[in-house]
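These notes open a run of structures that come right after.
After this come two complexes, each holding chain A, first together with chain B and then together with chain C.
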Partner chain A sequence: MTAALDLMRTHAALLPLIIAIVGAALAMLCPPRLSWGLATLAALLCAFVTADTSVRVLIAAAPLWSVAEGVPLLADGIGLFASPLIAAVAALALAASGAVLSDIERRTWPLAMALVLCQLFGWLGALAARDLAGVFVAIETAWLASVALLAFSAGRTALGGALRMLGAGGVGSALFLCGVGIFYRSVGTLELSAIATAHIESADAAALGAGLMLLGVALKAGVAPLHDWMGGAFTRPGGPAALVLGTVGVIGALAVIVRLAGYVATSPTIGEGVSIALAVLGGASVVIGSVQAVGAHNLTRLAAYAGAAQAGGILLCVALGSPAGFAAALVQLTALAAAALALFGGAAAGGVQSLEHLDGLGRRAPLAGAAIMTGAISLMGAPLTLGFLGRWRLVEAGVGAGWWWAAGAVIFASLAGVFYGGRLIERLYFRRAGDLFHGPNDAWRWALAPMLAASIVAIAFGVSPAPLLTAADSAGALMLGGLP
Partner chain B sequence: MSAELALLGVLATPVLQALLVLALQRPPGLRDVVHIVGALITALCALRLVGAAAEQESVRLVLAQPLPNVGLAFVVEPLGALAAAALSGLGVLHAVHAAGMVRATQEKAPARLMAFIALAAAATMAVAFSANLFTFFVAYQALTLAVFPLVAHRGDEEARRAGRTFLATLLTASMGLFLPAMIWTYAIAGALDFQPGGMLAGKVDIPTANILLVLFVLGLAMAAMPPLHRWLPESSKAPDPALVTIQGLAIIPAGGIGVIKVAAFVFGPALIEARLASLALIGLAGVGMCVAALIALSRRDLRERLAYSCMAQSLAVVMGALVALPMGLFAAALQIVALACAATTLSMAVGTSAAITTRRNVEDYVGLGRVMPWTFAGFALASASMIGMPPFSGAWAKLWLITALGAPAGGLMWAAALVGVAAVLTFAHLGPLAASALSGKAPTDAFKRPDGASILLAAPVILGAAATLSLLVLADSLARFLSPIWNSAP
Partner chain C sequence: MGPEILLTRAIFAAALVLLMCGAVAAWASNNAIKRLAGIALSMLGAILGLAALGAPNALLIAAACAVFVQLAIGAAVTVRLQEDYGAIEAPETDQADRQDDMPGRAP
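Showing the complex of A and B:
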């Protein structure tokens, strides 16, 4: 057992990627239900391997290993923190998707499961890639897998949504590629670790390149106002596509932004320009996402728009360019992951599409109701939730850097949260139940329970977040040059 | 019982009480006994904490460490102990009265009503004993969320609208005004712990102090400062037991406690730096008192009239806390006790009367005292206290308030005059009402129920009225008891 553990730890950088891609290949070959079990197991294994490494390095302060696989991989603080988060989110989403697979034609279930694992492979790869070319390839893998998964969902609207995603993704990819080209021309390297020390010929061009790259990924993360594709993608909220896209897809893309920013925004030559671009985009996302969430009539769209507001907060944290800022971004990322799991999972469990379907859900489906409520109060930034903790860390880091307006943006997001969160809670518990329940009603519905319970527990983690804060602080410090 | 255990008990017992009330809904007798016993244990724990505060025991309870350097912590200090003892003591009467009300009105969801009343009590205790601004903020939010279901309890469109107004006003004010003030304070002081003498003393400049004071006081919308007071009249159509919680035992007292804590423990001597803002806020509160009392005069529905009357009394707490004198803080603390006694008694009396006679309008009260003498005797005594007539509690609180405002150090004769005008207007909207109820001709068809009010409905009103005499004998002792609050204050 110890030998196996040692072997696993020796190849800890590559192992999650292998598990994900081999799992995807095997899932395609299995019968429908077995493919679901296999995919869930593979994601769980990925979560275990990545979490083991993260705990050792970020919490137990073990030395960071050097990657000796012969594959261009690079371990850093953000990757170490975000990889287990994404793998865990994917495992929970995969487990829960067992209850809503009927949204997809039965014969394509194995392919759908393989696509989810391909997404996981892509985002984990983007968080471990050593150079920008590797990051690009990995992001495209994840994005195309998301588009294909949505296209397999039932109904013409899903196909339309997939086409919109494909178009938006194409624009994002073009921006990223242009950015990489301009950046390479100015900096002379694509190696992430070499950016900080590289001789930069034209700082403006390098900043433009970095900005375009970040913009390309921001588009895929659903950062407002670049999130037009979300309306189509979240039209049909009950199926596995929305569940996976709203959780794994968004968290994965945001984590990649944080990682890239860790290399470019902290560069002394180009950092300031990138920082301003991120701050502007972040502020806009907070405001636009919050306003759209207030006006949303569909639960998953509301969750997506509220997520865009939260994503804006993450960009603001990253724009600070300090270890405290990166640590705050990681806490916010965790908070968003927990809230997204709760809201998307609750929507799937309750068969909720429009907000009217929420009426009385707290009594009809208590666990789904509790999950949606906790997700809502976390997005509001209510105290003793991860949402509050994330915003507090942003304000702390922002005020420390003299960015008072960032505190204003956070308060604006919280005020908007009061309106849309309050509306959800009122409908859940203070409206008479209608006969609008369309959620999964067979034994498989219990597959959603672990996801909902885990999301509630994760949000409640806001009461005693010491390990999370330690890990986030270590990751931020490691990203910027050494453990605290 | 150790003081630490009592502190845990005062916070946890109402939560346990709520869970048990929900779990033991049948038989109703068991549910009611659990509700009353829970309130009684809470009151006993609070009483033990008064002893601990009197002996200046150091009692601190840290439940969690959700932020670096900031804990979810509770501490026993005189103001919190006094407020908790008064509110939980009255809470026992309210528990008995609520048990009678749900039977008399054949309430459809009595367990839910009682459970949220208990949760509101827990959050109020947490507000009273909060050790820092963060804990206060958490408890304040919890109180808002616990009382929201009480406001929206009836479930019809009107109740939902009232609930939305309640939630939106209190949460928006706390998130939009109080939270920024808290963050700003943290940035200046580097800590959030309440300190006698003020955490901002010597650390804040004049413009910042003025802005912070406005943010804090308006952010505490539970104190019903205009223009953030709409939630109070809107919520006046809630069930009667819920109204007692809102007006007498939880929301309005919590707002008052918050303002006093901010004045004494956040600002302390720094209140002098915020002189401009405090004068403006005292003026706003004084004018608000008079206008609220005037609006109360125009309301025919007793619940609305009481809501505006309570608003006027709540603003007296704000005036006392902001006057920047120990006398003012003392007056504000007394006013919380006086308001709690009078508002609880009046709300219970109005509830009893409505349950038995279905009458809620002012003109229908003529002569009702003849057929419900105990209930209306309590109503009259509580009205006298609300007006500020000696020897009732309200008189001593207002006397100290007027003295503090009019003293040479306060120099705010105009504010003292506003308090006097508000007292006259309060007399106008409560005095004749009580008099006509007791002296008018008894109606022949008063009772909906032939057997009249049960002892569960009448006894709490009488005991509550008796409590309005408490300050007559306790005022001197309370001055000594509360002195640690202002020993380091301006």
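Showing the complex of A and C:
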């Protein structure tokens, strides 16, 4: 057992990628229901392997090893923090999707499960890639897998959304590639670790290249105002597609933005220009996402727009370019993951589309109502939740850097959150169930466990945040040159 | 400014024009085929720009593979749109979806 653990730790950088891609291949060969179990197990294994490494390095302060797998990988603070988060989110989303697999034709279940694992493989790969070419390939793998998963939803209504997503993603890929080309021309390398010390010929061109790369990924993360595709993708998605796209897809893309920014926004030559671009984009996303969430009448779209507002907060944290800013971004990322799981899980498992479907759900399905409510109050940033912790850290880091307006943006996001989150709670607990009520049904039995786990995490880390804050602070410090 | 630098800049400028034209078509076009053509055009522009800027071959190959997969998935989705809706124009498919959502109609 110890020998196996040592072997696992020796290859900890490559092992999650192997588990995800081999799991995808095996899931495709299995019978439908077994493929779901196998995919969930593979994601859980990924989460275990990545969490083991993160705890050892970020909390127990073990030295960061150099990766020598014959594959161009690079372990860094952001990757170490975000990888277990994404793997855990994927495992929970997969477990919950067992309840709504009927939204996909039974004969395509194995392929859908393989696509989810390909998505996980892509985002984990982008968080571990050593150079920008690797990051591009990994992002494309994840993105195209998510487009295909959306297109596999039963019925025809998701096809239009998949095509809109594909178009927006194509634009994002082209911008990313263009940015990489300009960046390479100015910096002379694609290696991420060499950026900080590289001799930069033209700082303006390098900053432009870095900005285009971040813009390309931001488009895929659904950062407003680049989130036009979300309206189509989240209007009538199948259950598994909504769950995985709204959680793994968004969190994965945001984590990659944080990682890339960790290399380019902290560079003394180009950092300032990149920070300004990120701050502008972040501020716009907070405002536009919040306003759209307030006006949304569809639960998945509301959750997606609220996620765009949260993503804006994460970009604001990253724009600070300090260890405190990166730590705040990682805490916000965790908060968004928990809230998104609870909301998208609820929407998928209950067959909830319009907000009217939520009427009276709190009384008829108390646990499900509680899970959705926890997601809603975390999005508001209410005290004793992870959402509050994330916003508090942003205010702390922003005020420390003299960015008072960032605190204003957080207050705006919280006020908007009170409105749209409050609207959800009002429907859950203060309305009678109408004719549109769908549940509860057997689906809840399967879907409740992962949703409740996410809710418990949102509350537990809000009440006792020490381990999370230690890990986030270590990751931020490690990214910028060494553990504190 | 030597002719080689001039040529590089001209190619890069052409690549940017291609990329932007393709991006507009991929983003805003209602027709699925035009959207796919937009993706192809914008990625072609990006690859041309990469080549003009002297990017490593591995990145060019990766970009070409990405275009291929994007177009393959796009073509598959377009075929399914045509089979299920009998149309590939977004307003027509959206209209059909709205009719499906009307009370008394099967989804």
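As a convention for this text, the second predicted complex is superposed on the first by the 463 of 484 C-alpha atoms of A that agree within 3 Å, B and C clash if a C-alpha of one lies under 4 Å from a C-alpha of the other, contacts with A are read in each partner's own complex, and residues count from 1 in each chain.
Keep in mind that, in the parts below, a contact is a pair of C-beta atoms (placed from the backbone, for glycine too) under 8 Å apart; a residue touches a chain by one contact, two chains touch by 3 or more.
Here the structure is a predicted model, which means the values were calculated and not measured.
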item	value
First (chain B), second (chain C), both or neither touched by A:A347	neither
First, second, both or neither for A:F430, with chain B first and chain C second	first
Chain B versus chain C as contact partner of A:G462, first or second or both or neither	first
Touching partner for A:A296 - first (chain B), second (chain C), both, neither	neither
Partner chain(s) touched by A:V258 [first = chain B, second = chain C, both, neither]	neither
Partner chain in contact with A:L358 - chain B first, chain C second, else both or neither	neither
First (chain B), second (chain C), both or neither touched by A:A218	neither
List of chain A residues in touch with chain C within their complex	132-133, 136-137, 140, 144, 147-148, 151, 155-157, 159-160, 162-164, 166-171, 173-175, 177-178, 180-182, 184-185, 190, 228, 236
Touching residues on chain A, where the partner in the complex is chain B	380-384, 388-389, 392, 395-396, 399, 407-408, 411, 414-415, 418-419, 422, 426, 429-432, 462-466, 469
Parts of chain C lying in touch with chain A, wherever the complex brings them together	15-16, 19, 22-23, 26-27, 29, 32, 35, 38-39, 42-43, 45-47, 49-50, 52-56, 58-59, 62-63, 66, 69-70, 73-74, 76-78, 80-81, 84-85, 90, 93-94, 97, 100, 107
Interface residues, chain B side, partner chain A - complex	64-68, 72, 134, 137-138, 141, 149, 152, 155, 160, 163-164, 167-168, 171-172, 175-176, 179-180, 183, 186-187
